[in-house]
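Each remark here refers to the structure printed beneath this line.
As written, the chains take the letters A, B, C, D and E, and residue 1 is the first residue of each chain.
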Amino acid sequence: MMEPGLYHILFISAGLFFIGVYGFLTRRNLITMLMSIELILNSVNLNFIAFNKYLWPGKLDGLFFTIFIIAIAAAEAAVAIAIIINLYRTHRSIDVEDAEQLKY
Amino acid sequence: MPNVIYILLIPILPFAAFLLLGLFGRKYIKNGAGIIGTLCMLIAAALALYIAYGYFFDYGKLDGVYRKIIPLKYNWLEFSPGISIDMGIVLDPISVMMLVVVTFISLMVHIYSLGYIKGEERFPTYYAFLGLFTFSMLGLVISTNIFQMYFFWELVGVSSFLLIGYYYDKPSAVAACKKAFIVTRFADLGFLIGILVLSYYGGTLDFNELIQRLASPESNEFKTAIASSFLGLSAITWGTVLVFIGGAGKSAMFPLHIWLPDAMEGPTPVSALIHAATMVVAGVFLVARLFPVFAISAPEALNLVGYVGAVSALFAAVIACTQTDIKRVLAYSTMSQIGYMMFALGVSGYGGEEGLGYTASMFHLFTHAMFKALLFLGAGAVIHYVHSNDMKDMGGLRKFMPVTHITFLIACLAIAGVPPFAGFFSKEEILLAAYQHNTSIYWIALITSGLTAFYMFRLYFNIFWNKEHHAHGEHHGEGGFVMMMPLILLAIGAAGAGFIHFGEFVSSDGAPLASVFHLQFSIAPVALGFAGILVAWILYKKQNDKPDKIAASVKSLYIAAYHKFYIDELYLFITKKILFNLIGRPVAWIDRHIVDGLMNAIGDLTRGIAELIKGFQSGKVQQYALYFLCGAVGLLLLFIYIWH
Amino acid sequence: MNLTYLILLPLFTAALVLLARNASQVKVISLLGSVAQLILSVGLYVAYRKEMVAGNTAQMFFEADYKWFPAWNIGFHIGVDGISVAMILLTAFVVVAGVLVSWNVSKMTKEFYFLLILLSLGAYGFFISLDLFVLFFFLEIAVIPKYLLIGVWGSGKKEYSANKLALMLMGGSALVLVGLLGLYFSYAGHSFDLMKLSSIHIPIQIQKICFPLLFVGFGVFTAIFPFHTWVPDGHSSAPTAGSMFLAGISMKLGGYGCLRVATFLMPDAAKEYATIIIILSSIAIIYGAFATMMQKDLKYINAYSSVSHCGFVLLGIGMLTQTALTGAVMQMVSHGLMTALFFAVIGMIYERTHTRMVQEMGGLLKVMPFIATTLFIVGLCSLGLPGLSGFVAEMTIFVGSWSHPDNFHRIATIIACMSIVVTAVYILRAIGQTAMGPLKEEYSTLTDAKWNEKAAVIVLLAGILAIGIAPGWLNDLVRPATEIITQKIGAVK
Amino acid sequence: MTGSTFIFYMLAALTLVSGFLSVTSRQIFRAAIYLLFSLLGIAGLYFWMQYEFIAAVQIVVYVGGITVLIIFSIFLTQQAGELLAVQKAGRKLFAALASFCAFGITMLQVYQHSFINAADNNVMEASVTNIGTQMLSTTQGGYALPFELVSILLLAALIGCIVIAMRLKPVNQ
Amino acid sequence: MNEFFSILKPELLITAIIFILLFVKITKTMKTSALLLLIQGLLLLNFVGGFFFNTEGNLFGDMYFSNHLLMMQKSILNLAVFLISLLFANCLRHHEHLPEYFILMLSALLGMFFMISSQNMLMFYLSLELATIPVAAMANFDLEKKASSEAAMKMILSSAFSSGILLFGISMLYGATGTISFNEIPFALDGSVLNILILVFIFTAFAFKLSIVPFHLWTADVYEGAPMATSAFLSVVSKGSVAFIFITMLYKVFQPMSETWYNMLIILSIATMVIGNLFAMRQQNIKRFLAFSSIAQVGFIMVAISSGSAKGISSVVYFVLIYVFSNLAAFGVASVIATQSGKERIDAYKGLYKTNPFLSWVLALALFSLAGIPPTAGFFGKLFLISAGAFKANYGYIAFVALNMIVSLYYYLVIVRAMFMDRNEQPIEKIHLHPANKIGLIICAGGIVCIGLISWIFDHIQSLVG
């Protein structure tokens, strides 16, 4: 095992990213899909921090980006959950496959 | 020189009558229509005679040669410098002669029709059409330009169409007029292409220049035209042959003759005017007009003219022997006589004594106009009387229609070539010309001449002798003075026209040609003529069964001839089966199903694909994301590994 | 003479039509407008004539160049030469007749006339524009009125036909568009200006791409084989005036475009592709004629015959000789008048008999002599009878085509000539079955043409006869223009 | 292997494994808890990289905020203890394949790319002071405008949530 | 400070309106119909205000940038929102959450303004989210309707997924270049393969927002389910703004990679046009139909973008302006009809002309404009798009694009045909238009007719592009 560095973290973040993507593509429950989104966003955050730390420590661009992503994620999650709750009211279900009336 | 206005008035007057009667006839001048038309025609005829007199006896000759006078030429449509349609007037022996013939016969028909068509609803229309026809025919004969001739040629065709279809509610008349138009139109295709060929090599459309260039071996145009050959024949030969096809169509030469018998569906005076005396000789006139080119530059074409004429003459004569519809008999006889004129041209040479055939042809044209018009008008009177065209319904009419009988007899004698009637002289000249140049044509002509006498007298006896006529309930006599007068005038013409020394006025090169008359030469044809009359006498003077027996003895020939040698059926086969079924129908089908089908198929295909791929829009948001991802991956693969 | 009046007048008329209160006002306004336009067009001809006599040798007369989208180097550049004047006259005649013929339209009269005027506006604009963008603009303006005219006021499977027409014409104009862009970028400073483009030598590679695009694109409008199938359907479904405009004006837009844009600007490619054009147009001529022979519906007969007749236009253009080009223009004018009249007559007959099937008619000459006589005349014009316009045009094309000394052109000419026989067959068949023959019982009470119909017929007949009897004026009008085109072609080696 | 390395690998394993479990677990509560662990692992990684501030934010916002929100919403919409519905095997396979492919390509490119290392000169301390000053600065490098923007976004999100989630009338479906 | 206000004026105006609305909502002082009038008035003021006291400049370091072209673009978006407030008056009039609805819409608009003015990736991302998240909420405003919540769900999830990928791309970009500033990135791009990966990932986000195939699948579902005004907002304002920033992104930020994105645009624009057209052809729901038609329109926009020239920019801006009028008119008519009769299927439009000639003409004009038929403005718009695309002399491509116009014409004509030609026993009965609707439709129709013919407008845009 070697000394962990940028590439290790990039591996983790990319792994987490695609785990999130996989989850998003396969989970049928809307809330679990939302969780997958969170994973995706977190992996990106990790990327930013890692780049900031290892490559561009002269400015805090990556860090600020992360902070703002976190804020946006919160807002997005809030709206998404509101929508999901409303969907639950209208559909009596939060299974994504139950909401496919609109198609073709 | 006469005032050009006078010459111009000759065609203009009938045209004016046409406009006047055509536009206002139906409503306003219903009763006066005939008078107006006839008056116009009368003036025109008088002017034509005046011009003819002036031309032949006053100013026409220059240094002993009848020259071409062009008093008027108007550039009507210029295609390119040098090639233009000029509307003009040419006065030369044949055009002047034709002016006289056309106006005279037309006048006769106008007068005759006053009685014949009287009381019909479309009386003004009839006169309007007659006016149109006369105008076109006159325009044709005075053409200075080959395209001008084509112009009037077509107009003549259409007025013939209109007149044949005069009884438009009769299906047979409709069929006949269509047939006439289409067959001649088909021939005109040849004429048109011929014009294109000749004009291209001649570099002009003007008759004079065309003849000057293409009929003189020194000119450049001649050399190029002779040098450029197609299928072994020179361009001039092709051009003249094609032009001749046009002429053959109008003149009902074999095998383009099929329209003529059917054209008898028109009113009989119309047949007399158009399908006997004037329009059908347009083909002859056309060949005569271009005669120097034929004779000097395209002897092969001239030969063709000769043979086609000869074959038509004989062919028509044979058929005429078997027909029972009197107008059809006359129609075939017309065809046969025009065959005479045609082969007379075919056996002629250019200039001097060689040009005898040319003179003879024109002479026959002239005399034929007289006696054939007379025959038709006479037949018209007969038909008017018995209300039938079929000779089976006739017989013994000599007592009831004496004037008709006598005039008809004169005409029959004239056509049979009995001296001293007009036909004799012209026919003699033709036979002489044929004898001098082409013996095989001569023999055909001789046989035809015998047959002519036979069938004409078969007709004559069947109408006026044979069985006794059982009078119909109502009798209205022979027709009034207006119908008799033309008969008598024409009979005078038919009897006396032969004594004109035609060669002095009309010859291939304009120089007078002494009339030759060989007594010993005339014996054979006259004898044959009499023989024909005799046979007809024996067979048809009294009602008997000999004709049937003879018919039975040569049954197959008889039946074939009776059915006009099945040429009509052949045409029908070609048009109905081949043109319609093998070309028209498949083309229409292909258009709707393949060409259009292709266009529709593109539409259907698009819709099909649209339906096929609708599954992508499945409504499943995860699937959307999956496609999203795949799209991104696809772009990555494409641009990182393939495109980069 | 200010050419903008030619556009402003229809625009004004259209606006007035929209403001009109009732149907009769609409009709009167349209009629007055179109007659004024006719007078204006004749005035244009006279003015043009005067200039010509005065020795003006400019290629385009009455030129004007207004600013329009200077960012794209587009200008509202207008001007006329003999060809345009001829086409404008044609349009004016057909429009007046179309307005007259539609007098009985009772369904949405205002809209109907509005669209008619709009359609004519497109044609006028097209013929006077010297900027290709403007030309394209007017070309497309005319499509939708056609679509609506057919779809709303048509008969039969009108929706299908309207769709097909709109789509195929737009397809054609899509090709035109690409071709125009090719030309646009081939000019150094990027220009759509026809005169500027004609002054340079467009690179041969560009020509080779753009010429077929433009020719086929415009060709679709003028029924080039095999893109002619909108013609029968479109014409047969359209209302009378629609068919008249469609065949009389709209199809001419294509021919004009082929000549003015494709051939004039790209003579090298025109020579290169002449063989193909000739083959396609020969096919169209003879194929259209044979297809016509089998039709039973009068409108189909005329529609297919239009395919055949428009084939002559393209043939004339493909031959590239001055006489043939002149003939092509004459054929456009002649066919425009003739076919408009033919459709007008068919419309009148249909209005009375409620059928267009020839075998269901018969003897109409008896009850409606005026209409039937017109049918006769127009049929005769169609088959090229001398004294009527068709003869002049066709003969000019034949003579022009024949002046190519090689066998290929000659065979094409002969094939084209052959069609005059086939034309005779189908025209006589149609006339024989409709106007002639025994009169059917049910038609014995029908009436003849009314004043408006008579007026329409007379207007168009006047045009036909004016060309047929004295073609010199048209010839003199068109020849200087075609001469410039031929010179350009001749300069190509 | 130093302690730091060990910790790193532990955190990495925690993050990835619990992340993976959170997207595969069939019990929604467990999934949420796994998510929590994964997020904590990331927070740990931030600590490990000495970005304490951001680690703290991570814990506060994610662990304390979003995860709780999610758990609330689970309560609101789901009978606890019920197993989650399983996606079709085909979709799973295809999704896995596509994700793995994308992952592969990404990693390949990342590893092939030699990132420029500019780490040698002036390191900016990720201290709260620095962050605070920069966040509210309106000059070059200041983040006042994004800050305001986010505030509006949060306001809008708030309003949106209220309208959507707070329904006055009952629905009869 | 004066300059600060005049540079930031558009955003400040919007913010002000947001707060006014918030105030009104909180105090509950107005009835909805009066409120709507107020909103319309404010938006009109806002639109008009966009033409005065404009100053170019940078603010907040390089966070914000504005010039006259951007102000023009913002004015276009302002106009669109104003028109939305007019055209959807009849369905919004009775909406109980009217102020919230407009707050969300204006927040999104604010996001768009910042987005097109943004000078770095962070601002871009934030404003993109600001322009998206409120719209997702707006999609759910038909609270009772299943379709509405489904649409909102699809929208928020898809956009979250898409922004995840975008962020991943941005993070890589940050890693590779060390900067998030638009001005610095082009110089830092090194042409390595990773750059392509970055480009693709960032590109997908635009593709998602612009509904470029195959990232378009959410579009139709969301348009269909969402309230009509939201769909209109999405299809016009949202698309237009993204198209603007897309140009900046490609022309400026990824300028060194122009060849790659040119090819990418060609492939995707073909796919977009084809798929959009094919799907539009078989639609029966008018909203869904308009969704696919807007997808196809984006294909045309991409043609112009691919040119990479100043003409490309000006023709896109011009086209968006025209598109605002055309598409909003279409949505407006559809909304009037849907509100009044509840019918959204194209079948129901049969015989519309008999009963509602005004609506039919407006819709027909709009459709003709969308199809690009003269004399409507759409003709000029589309022609300029294609002409701009032809700058690269890729004639095969241009021909394909031009032929696609025919397919699109086909389906636009389907509706025209239904309205004018098809018979219908029970057409939609006569609809009484709210005056606001009528004014809106007249403005749209006027715009459709005039914008093309008055060449000054294009020249003005062109002069702004420089």
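Just so it is clear, contacts are C-beta pairs under 8 Å (C-beta built on N, C-alpha and C of every residue); 3 or more make two chains touch, one makes a residue touch a chain.
Source: prediction; values computed, not measured.
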*Determine the set of chains touching chain B that also touch chain E.*
A, C, D
_Between the pairs A-B and B-D, the one where more C-beta pairs touch_ = A-B
*asked:* If you average the CA coordinates per chain, which chain's centre is most distant from that of chain C?
replied: D
*Quick one: which chain's Cα centre is the longest way from chain E's?*
B
*asked:* Closest chain to the overall C-alpha centroid, by per-chain C-alpha centroid: which is it?
replied: C
*Centroid spacing, where centroids are CA-atom means, of chain A and chain E in whole angstrom*: 27
*Centre-of-Cα separation between chain E and chain C, whole angstrom*: 42
*Roughly how far is chain B from chain C, going centre to centre by Cα mean, in whole Å?*
36
*CA centre of chain D versus CA centre of chain E: separation in Å?*
31
_Residues of chain D whose C-beta touches two or more other chains_ = 87, 91, 95, 98-99, 102, 105-106, 109-110, 115-116, 118, 141, 143, 146, 150, 153, 157, 160-161, 164, 167, 171, 173
*List, in ascending order, every residue of chain C touching at least 2 other chains.*
167
*Two or more other chains in contact with one residue: find those residues in chain B.*
603, 614, 617, 619, 621-623, 625-626, 629-630, 632, 636, 640
*Each pair of chains that touches, named by its two labels*: A-B, A-D, A-E, B-C, B-D, B-E, C-E, D-E
*Which residues of chain C touch chain E in their complex?*
67-72, 74, 133, 136-138, 140-141, 143-144, 147-148, 151-152, 158-159, 162-163, 166-167, 170-171, 174-175, 177-178, 181-182, 184-185, 209, 213
_Going by the contact rule set out above, which residues of chain E touch chain C in the complex?_
311, 314, 368, 373-375, 379-380, 383-384, 386-387, 390-391, 393, 395, 398-399, 402-403, 405-406, 409-410, 413, 416-417, 420-422, 455, 458-459, 462-463
*Which of the residues in chain A end up touching chain D in this complex?*
1, 3-4, 6-12, 14-23, 25-29, 31-32, 34-36, 38-39, 42, 45-46, 49-60, 63-64, 66-68, 70-79, 81-86, 88-92, 94-95, 97
*asked:* Going by the contact rule set out above, which residues of chain A touch chain B in the complex?
replied: 21, 24-26, 28, 33, 96-97, 99-104
*asked:* Please output the residues of chain B touching chain D within their complex, sorted ascending.
replied: 622-623, 626, 629-630, 632-633, 636-637, 640
